[in-house]
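Okay, so chain A shows up in both of these, paired with chain B first and chain C after.
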Partner chain A sequence: MPHKLDKIFYFLTFLISIIPIFLVVMLFSFLLYYSIPSIKYNGLKFFTSYYWYPGQVYLPPVNINGILVPYGSSFGILLFLYGTLITSLIALIIAFPISIVVSLAVNLYVNEKFKKLIISLIELFAAIPSVLYGLWGIVYLEPLLSNFIEPAMNKYLGFMPFFSGNIYSGAGILASSIILCLMILPIMTSVINGSILNFSTSIKEGAIALGATRYEMARLIILRGIKIQIFGAAMLGLGRALGETMAVLMVSGSVFNIMPSNIYSPINTMAAALASLLDSAFMDSTGMNLYALSELGLTLMLITLAASLIGRFIVGLGIIRGFTRGEEI
Partner chain B sequence: MNIRVIKDFSFKLLGYFLILFIIAILVAITGSIIINGLHSITLKMLIENGDTTSGGIFNAIVGTWMLVGVGILFSVPIGIFSAIFIVEYGWKRYNSIVRVFTDVLTSTPSIVLGLFGYLFLVIQLGFGYSLLAGGITLGIMMLPYILRVTEISLTEVPTNIKEAAISLGAKKMDLIFRIMLPYAKNGIITSTILAISIGAGETAQLLYTAGWNNGIPNSLIKSQVAYLTYVVWAGINQPSNYSHQLAFASGLILIITVFSLIFISKYIKR
Partner chain C sequence: MKKVYIATIGIVVILVIAGIFVAINSGPQQKKNITLSESGSTLLYPVFNVWAKNYTDPQYNVTITTQATGSGTGISSAIKGTVIIGASDTYMSNSLMSANPGMLNIPILISSQYVAYNLPGLNNIHLNLSGPVIAGIYNNSIQYWDDQKIQSLNPGISLPHERIIPVYRSDGSGDTAMFTSFLSKSCSWWNNTVGYGTNVNWPSNPASHGATGNAGIISFMESNPYTISYIAMTYTNQIAGKLGYAALINRNGVAVLPTTQTVMNAAAQYLNQIPPDGRISITWAPGNDSYPIATFEYLIVKQVQPDKDTAQALKNFILWIVNPNGGSSSKYLNQFYLIPLPSSVVNSVTVPLVNKITYAS
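The block that comes next holds the complex of A and B.
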């Protein structure tokens, strides 16, 4: 084979390997380009107002400070931002201890055969399409919450302000958080499990030889040793929760312009709002709705990226072979 | 009994309880979808086109596979060739830049990818809601998985085999196509199957790139496509009993597809 062909192949593969970089650059430039009119028009009010109204798109647009916008429109994402953060944080707070205890228990007490089975079953969670979580949430979780769990929580935890007050249809902060918790459990469990497996066996054996019980070995030796990976796992889980769209769209209650008063209240998240508002944005002849939603998308992307990239950086790319959504990280 | 032993024992109990609890939830979710799906699904649904309130889901099943197919055709070649460059030619700094950018792609929320697909493919390139727009948006999401797994499989080719090939006079391309790619074949196939299973279950990217079609799309661009996850989402949000049945039937097909693809990939891996 001539040498020339090798050279052509080199350049061909080089060009192809630029495509992922090109896609990300395009992604950011498109979002930014479409956001600019909204950034100019809305300014900081975009983040401090919770009132989002697409405006009367069928009436003639009005001119505000030289910019044409739909009559009566208002773009503030505070409610969505709050919803995204609160649901993801509650999900993380529930998933965090569960994933640690489960991955420790699996490694300490379960024999090799069952361990593999349990880990791959938990990883199956990650494979379930997110609309199916939403489907299950609507049909089973919401009635369960509004009929049994939420009244009980109201009764016994009602002395705390966030847990008292009205109970709604079941769709809301609590339902979204529970679904998100189930969706981030696999990634957190497999990352933590991976770092326990990678943890030096001789140190573990040393602890046992010194007379520590398995629980003491877990608490005093392993947990201290993998602290940083656990933080990374939490960040990866958070990144996934922040960006989740369909499941949350289905069980959040998709509320607009009403800030939630307690954990049972309906809510809306940035991803869910983007999915549900884009439809009507196309009717807007001034384009401001699309610009504002692009800014919403850009904000969501930056928040999600921050969490995920910190997580990936800590967990160490390719060092731990966690298995999430079939992906090897 | 010693307090330390009691602590150890209660931790063990807590662990067992949580493991069983989580597995029970998993069984409840999959079980409820499978059972409801089996109750709802009829043969007529599988062979008729429909619009999420009446008819069947044949167009959605076909549309899902078409979208996934376009996504795979887009992502697999790009993923494999990028991985070849990274493993065989790339220098350290360039590789880590590609890695960071693919990580950014992996971490991008699916609805943001959908918005990008809408702004770039549907509007800018003028594809309209179509097979190409939806499929490429899925492909963008699949690309990082394919790239990463192919890269790992290519690095796992033993050095002595590569050295033997080179010492026998193999050119770079011979080495790549005759030694390394066959060696990494299983990894590539596994990642492709997993990418299919991920693509088949996605919704948010497709809402504003694929649209919905009561029939089968007749062109690559400007012809909308139906897909299964949309039936689940739209069906359960409509009041009629039949649309709920359609949603559960689609859910059943989705979950069977995804799980069997995962089992196949695990089998191949072994």
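The block that comes next holds the complex of A and C.
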């Protein structure tokens, strides 16, 4: 009865293959369900205010528009939202050229043995737990930033508004961005490296045959050919940076209720704030702290999902175009 | 004849069975296995691990499992019944109690904290600081170390003209709760706007920083001079020689250093005011020799336990914890700088609360 077995096998594999979809949908509906009271209570203010006040949970809750909330509470995520986006963006700006240069260098200028070593080292970077990046950030990076790099930046780049002003410590936007940059470099480099490896050898050889130097080939032929893959790699890196919690929590200066005035200011991110505030939320008998944190989580999930989807869509687009041009992918 | 045979065999069999039964029972007593799961306060976690390793119950074979999840999670898990013991640095609020009336808040220990600073050259000196001055530092109205308000509390000490960097716990913390409780009681505007709790409405201060855990605070302060923050007494050895700490102006207007004695004095001042349910804040104590920041550490447990043996094992364990010859002996507590409850509090509050523990019939 192979036919019947086939059917059973098909049914089982189908069942198992929908588990990931089921999990995402479940997580999403769970967050949405818990967010509803917060969405109703906070409205748009949730995204426009930067004051996150858990309120005084030891005082009797107050009734505001028919909803019980802790006395003195107010929930706005603008600071966290800004922190997540700005640190991820700066990380991307630093990581972008580095990952391209590293990929080009190992493919065009480095011999085969050394190339393997470099690639496996970069891949090893991805396996390091984020808490170790955070530890390195606290012990080594922060003092380096506050004693040398940030004062120098203030002196030479201070003519630009975002680079001038007070430096209180090494913890803040810059430290978080550098740590995030180190964490997204492996994924970006390996995607770009893969695209260069897969880039049509005949086109590369053709360029050399026509008298192009290696540099010209890299700049005019390869980089132009894989620009969509590079963009996709950047979006994948962004997706990773947006959700990173532990390392950023350790070096961001995890501050509340104050917007940063410059690149040296302490900051907080959505993932870090969620981790910091969760325990206290259980002390709130009205549950509003927990609902507001769920809405924070929902927002974070939607942003990372969007970044990852756009990245995948564009990389996919690149592959399709590559095929239509008859290139080897 | 046959009947006699059968009867004899029957009697022999009965005797053998009875003999085996007696032999088993007169042998070494077989203890029942009980697991007491604990989750919550990161401050109590180290001492709980030592207790778990050293505790033996006279009646049961007790295993204690521990988890450092945070006080809020500990309370929540105890309410949901996923753990037997929720360890917390704070008692449950009135509204949380009325939503969960079946919970007990059992005080077991006293803990306290330092108001610490990193002032190069002055870390071996104990500055005098008051609640309103510390509150002013956190809300940015006092910005420099040589501010007149700090200087007037410390005549003769040459303070640097450096920007003060106030640091707080960004994660939910019992240390934040006792620190902000002290500020709320000593400074009315703080009470009205910031309040007290494990996370609070922190004032907007561009110089302020957050850090995670006492360890995070200490490492941030060590690498950043001119910082000020609050650190649990449990971390005494970790700050020794690296950070300075303040003598705080107490309710009677006297500057008092944090020591085991001054913290016990503070607790003693509240002896007659502790309600039967054990929930009381012991910050801002009266008395000339009372340190103004202290708190009871609590075990949050369900009054009605699932079965008789769990209830009894839990009672035995808590009574052992507060016993000065048991869990509250100096060999366990001194290494963590935790302070035992005075025997009067044990007898009048803890023991009656423990006796309330019962089981579902």
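The rule we apply is simple: the second predicted complex is superposed on the first by the 301 of 329 C-alpha atoms of A that agree within 3 Å, B and C clash if a C-alpha of one lies under 4 Å from a C-alpha of the other, contacts with A are read in each partner's own complex, and residues count from 1 in each chain.
Just so it is clear, contacts are C-beta pairs under 8 Å (C-beta built on N, C-alpha and C of every residue); 3 or more make two chains touch, one makes a residue touch a chain.
All figures in this text were calculated on a predicted structure; none of them were measured in a lab.
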| item | value |
| --- | --- |
| Chain A as common anchor, with chain B and chain C clashing or fitting | clash |
| Contacts of A:F75 with chain B and chain C, given as first, second, both or neither | neither |
| Touching partner for A:S169 - first (chain B), second (chain C), both, neither | second |
| Chain B versus chain C as contact partner of A:S265, first or second or both or neither | second |
| Chain B versus chain C as contact partner of A:V102, first or second or both or neither | first |
| Touched partner set for A:L278, first chain B, second chain C, both or neither | both |
| Touching partner for A:M301 - first (chain B), second (chain C), both, neither | first |
| First (chain B), second (chain C), both or neither touched by A:P61 | second |
| Partner, of chain C and chain B, that touches more residues belonging to chain A | B |
| First (chain B), second (chain C), both or neither touched by A:Y10 | first |
| Partner chain in contact with A:V255 - chain B first, chain C second, else both or neither | second |
| Intersection of the chain A residues that touch chain B with those that touch chain C | 138-139, 249-250, 275, 278-279 |
| Chain A - residues contacting chain C, complex | 51, 53-61, 71-74, 138-139, 142-143, 146, 166, 168-171, 249-250, 253-258, 261, 265-266, 268, 272, 275-283, 285-286 |
| Interface residues, chain C side, partner chain A - complex | 69-73, 75-76, 90, 92-96, 98-99, 163, 165, 170-172, 193, 195-212, 216, 219-220, 223-224 |
| For the chain A and chain B complex, residues of the former touching the latter | 1, 3, 5-6, 9-10, 12-14, 16-17, 19-21, 23-24, 26-27, 30-31, 34, 98, 101-102, 104-106, 108-110, 118, 120-122, 124-125, 127-136, 138-140, 182, 185, 213-216, 218, 239, 242-246, 249-250, 271, 274-275, 278-279, 293-294, 297, 300-301, 304-305, 308-309, 312, 317-318, 325-329 |
| Touch list for chain B against partner chain A, complex | 4-5, 7-8, 11-12, 14-16, 18-19, 22-23, 25-26, 28-30, 32-33, 36, 77-78, 81-82, 84-86, 88-90, 97-116, 118-120, 124, 140, 143-145, 147-149, 152, 171-174, 176, 194-195, 197-198, 200-204, 207-208, 229, 232-233, 236-237, 247-248, 251, 254-255, 258-259, 262, 265-266 |
